[in-house]
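Data block below; observations after.
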Amino acid sequence: MLFGRRKKGFTKIEEVTEFSQEVNEDQLRAAEEDLKERKEKPDLFDYLDTLDDIEDQYIPLEEAEVEEIEVEMTEAQLLANFIRVRSQGATLTSQSLLEKDGQDLKELLNSLKDDKSCQDIVLIKGAKEVYYYSNEFMSDNYAKIAVLVEDKDIPKTIVEMVRWNGKTYPCATPLYYFSNSPYFYTKAQIQRALERIRQNEEYSDIGELTTGNDVRYLYSTIHMSEKYARALAEGVEYGEYGYR
Amino acid sequence: MCENKSQNKLDQMLSQEMTRRKFMKISGKSLAGLTVSASLLSLMGCTQEQVDSDAITVWTMPTGLLVVNQAKCTGCQRCEINCTLVNDGEASSHISRVKVTRNLMDNDGHGTYQDDWVYFPDTCRQCDQPWCGEACPVEAIYADENGVKHIDQEKCVGCGACVGACPWHMPTLNPETKKSSKCILCGSCIEGCVTGALAMVPWDAVTAAEQKTRKQ
Amino acid sequence: MTTYGWSGKILRVNFANNAITTEDTMKYKDYIGGMGIGYKIIYDEVPLDTHAYDEASKVVLAMGPLTGSGVPCSGRINMSFLSSWTKGYSIVDAHMGGHIAHAIKYAGYDAIIFEGKSSKPVYLKIDDDKVSIEDASHIWGKGTFEANRILVEENGESFDAATIGQAGENLVNMSCMITSVGNSGGAGVGAIFGSKNVKGFVARGTGSVKIADPKALKEASDYMLRELVGGNNNHNVPAVPQSWAEYSAPSGSNRWSGAPGRGWQKAEGGFVDMGEQPVGDIDKIGYRAHKGYFDHGEIADKYMVKVGGCSSCPIRCYAQYDIDPLADYDLPTKVSNTCMPIIYQAAWYPEGIKDFVDEGDANIVICGAGARAVDDYGLWDNYGNIQRDFNYCYKSGILKEKLSTEEYNSIPWDLMIEGDPRWVVEIVRRISMNEGEIAKIGLGTYLLVKEWDLGQEYLDVEYLQNVTYNGYPKHHSAEDVWQTGLLYNIMYNRDCMIHHMTNVIQSGSPYEIYRKILEDEFGEGAVDKPKHYTPMNRSKAKLAKWAFLGKQWHDMATLCNWMYPMTLSPSKERGYKGDHNLDAMYMAAVTGENWSREDVDLASERVSNMLRVMTAISFDIHEGSKNLRKDHDAIPAWVFDKEPDFKAFEAGTVKMDRDDMEIAKTMFYEEMGWDTETGIPTRETLERLGLGYMADDLEKRGLLPA
């Protein structure tokens, strides 16, 4: 008997007539009408202030227990938290960013090193900068990628990642890999970088191949032969049922 | 020093309580037609466009603001599973206090079989003047110190008056126990949501967002 | 008495005399549920010489103790029946997801036996304990989308529905049943329902699945969600680098495709960015699977509304699209699927397809039109064989030869050549309506070869992907794990549907990580380096046996084999190792009984042997064969002759070696306790599994190995 009797879901409010004390619905509707007329959208908090208070007989605050004592955090711990929040948001924290705050950074970083609760904060050196991150929230491998991206040396980033992928998984690396997060390189950027890779003696291990569906892959001869790289790349592109 | 801290903490709690009371005014309602500040949007995990399109509803809970984002509900029913596992010790859809299945298939022209994917979890509004409570002939429905309405299982006679009285039919008569039950804000559904379509923003964060908005 | 996990009752519906009865599930407890109950009932009640469309034929639709229990990814249904389309016409299964398995369990049933034949079109209505047979004349002849919509509308709130389309009604062998939006069970089940005049069923359940230890179950589920589960196919590293992750999959074979900047552009209120999904964050798991991106790349985002999937599953593997270019052709734009229908429709266009609005959108638009069409008509693709048969027969001139000139000229080939999305709808319509000679493609590959006299060499063609000579293709086979994959691919009477290994090999994890995890369990040499395989060894045979048995477990429990078993984990702290004890933990928490991994394996082995015995009996009846090794497990030539530039075992090839594969079969049969000459289970094996009665049956038929 319960089925089929449901009224509208909560995003649409029913007409209420019987409960005179329940004024909010009417208020809301009036406010909505008002809004339509004025054709503007007030800020949520401002809007809340315009509504009458409603009776709330619960939670007698006087009786609520007030919890005691938050431990005071040291400057170093505050800094660690700052770095952690950024790491959680996939962002490195550069030394120069910290220096902007004008504190004695050296001492602070030293006390960070000594603080047992801050051992997750580690540093990684880029070409021009030193970066900090929390390895609790950011993996070391990702930090390496993030530093490469920060350094903005696209040929070097591509070469290092093609080598690392070839050694680690092992696999050949499609060019489209570098248009994904966190690289987001454009086709033109990748093309320019490839030209520079070809001119650089140090990068002579980097080979290129094109699969049957015209997808370009890079591989490093340090880690695999051209034939093997091609088989790996074709395996990916051909997949189970044919080229994607 | 210690006293100051207690005072600070009390101040904080008072302002959070203020915030909560303000939000009680719109509990269970869509935010469409309002502008939400960037900091609050970020906490709520949604966009102004979703607010404008009627996809966002907020609920005032003792511990925070419950945000329901229909654009993110993928109909997996894990909210219902968690609800019934925790509250009833079994897996069910019908007696779940949070309701998504009844919106999932055919919900007034929307839903899986209506060529769109508009569905959302729905639950008790914890009304200030509860229809269910007023309809109960044996006064089995009571409010706890947080204003959450419970059904006393000892007193409940399973008449179904609360189910009929609730405009949204949120209390549900368990066909096996013949007792009615409803949401007690345990939060299990939120824990189980795999896309954040159900999300809880703690009051201190909402308060902070309000202060930030006011400053601007 | 409360039964935990199991609902306790099996519903038997006879459509000839409208008798609706229930039986105690517990008499089948040794067979667990799903496929196990299905096999036992078919074996007991349907003589194996029955034709699939005879009145005596039955469909056993069954769930298991974990279905609807709240265990993640437990929303699947197994349907067992006799095949209408494969060599030997033996037992096959259809597997269907969606939300309706939960509804049936909550209504109080572990299984439904569909038997007899109705004199007019009907559907079955299950409303808790009120079960009735209802008139279906108003939906007969309609597609599944409309039929399902009408059924949920007319039956009311919270009802779910599953129906067959015109293909099933017209007894097209390649037919399926559809629930939700594009969740289907195939293997020809549509036509068996059609032969019974049963359009489908609706279900609503207000009850529950009883849990012996709900706290333990919640803890085990949360443990899985926090530490074990990965993305789609349980791939355990993200496709794109994420800041918390050590590894990602540089190339595109990984299905944890949700990533920062990717998402659903057509979502209500605008773009939903799928962001990062760190291990442990339950509220973000639903953004890991981005099947749209995996299938179609960046263009998918443009048309995505949301993601979806089955009840209880945190991995939302269905991409839900609104592909508006289709509106220009007066075709429906809302499309949702995760499997072949949404990736393989371009094969209907042997002359190629072209872009519509944006560069690179040809495939997604065509697949959108095709997915909607096959799901609406309820046409099953036999894992792409139906498209490949069409494509090959067109290109090789077979179609022109077999079709009358009149019919050939009536076909709107111009639509095909222009890449018009209405072409796929038209060809699907012709096959589903059984219209003309071209509809013979709907017989399935095995019978098409017979009907058009194409000869065995047709099945040796690489493009056609047949993994045996029995009428079905490979499904994640040698390209992942060589001998191992091929071994379990040839065990069934349809494509194998085993994802145990592709979930590991294509996970994106470094080889050294998954090698160690598998070798620790199955022995040295269990898994070879990517694209560089070695000769057969004992560890590979053990691995193949594990995967073969495990798939049966999932279709008994029921759990989704696209996700289980939890072999790998995304957690660095765990060393990326999953937990193979999880299924037993779930069984213990749900049923309150003692369950170990050995118990799970034993139950799976029992049903695996039932499959083998029933296949042997069917091959004896229909093919006069007493040797499965020779007649069922034979592998087409292309598997060994492909990639002419490579020798077997050379780095970079999937080409198999004939002698090595025979060694592989022998080792596998030994591991299974089967006679190595015939590949048929021995009495000793069957007795050990409590299947002595099957040994007796084999003996009577002269099939029991000496």
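So that you can tell them apart, the chains are marked A, B and C in the order they are listed, and the count of residues begins at 1 in each.
Rule of thumb we're sticking to: contacts are C-beta pairs under 8 Å (C-beta built on N, C-alpha and C of every residue); 3 or more make two chains touch, one makes a residue touch a chain.
Only a predicted model underlies this, so the values are computations on that prediction, with no experimental measurement involved.
S.K.: Across all chain pairs, which one has the most C-beta contacts?
M.R.: The chain pair with the largest number of C-beta contacts is B-C.
S.K.: Among all chains, which one's averaged Cα position is nearest the averaged Cα position of every protein chain shown?
M.R.: Most central by this criterion: C.
S.K.: Just the number, please: Cα centre separation of subunit B and subunit C in whole Å.
M.R.: Here the centre of subunit C sits 38 Å away from the centre of subunit B.
S.K.: Please compute the C-alpha centroid of subunit A, do the same for subunit B, then give the distance between them in whole Å.
M.R.: 28
S.K.: At which residue positions does subunit A touch at least two other chains?
M.R.: Counting only residues that touch two or more other chains, subunit A contributes 6.
S.K.: Among the residues of subunit B, pick out those that touch two or more other chains and give their numbers.
M.R.: 52, 70, 102
S.K.: Spell out, as numbers or ranges, the residues of subunit C touching 2 or more other chains.
M.R.: 157-158
S.K.: Considering the complex alone, what residue numbers of subunit A touch subunit B?
M.R.: Residues 1-2, 5-14, 16, 19, 21-22, 24, 27-28, 32, 35, 41-45, 47-49, 51-61, 64, 66-70 of subunit A touch subunit B in their complex.
S.K.: Okay, in this complex, where on subunit C does subunit A touch?
M.R.: 156-158, 204, 239-247, 249-253, 259-261, 276, 295, 297, 340, 343-344, 347, 363, 384, 465, 475-476, 479, 508-511, 529-532, 572, 651-654
S.K.: Which bits of subunit A are touching subunit C when the two form their complex?
M.R.: Residues of subunit A touching subunit C: 3-4, 6, 87-90, 137-142, 145-146, 161, 165, 168-174, 176-177, 180-182, 184, 217, 225, 227-228, 230-233, 235-237, 239-242, 244.
S.K.: Which bits of subunit B are touching subunit A when the two form their complex?
M.R.: Subunit B residues touching subunit A: 2, 5-6, 9-10, 13-14, 17, 21-26, 28-31, 33-37, 40, 52, 54, 57, 62, 68, 70, 102-103, 107-108, 120, 122-123, 125, 127-129, 131, 143-147, 160, 163-164, 167-169, 172-173, 210, 213-214.
S.K.: Provide the residue numbers of subunit B that touch subunit C in the complex, in ascending order.
M.R.: Touching subunit C from subunit B are residues 46-47, 49-53, 55-56, 70-72, 74-78, 81-82, 84-86, 88-95, 101-102, 104-106, 112-118, 175-176, 191-196, 199.
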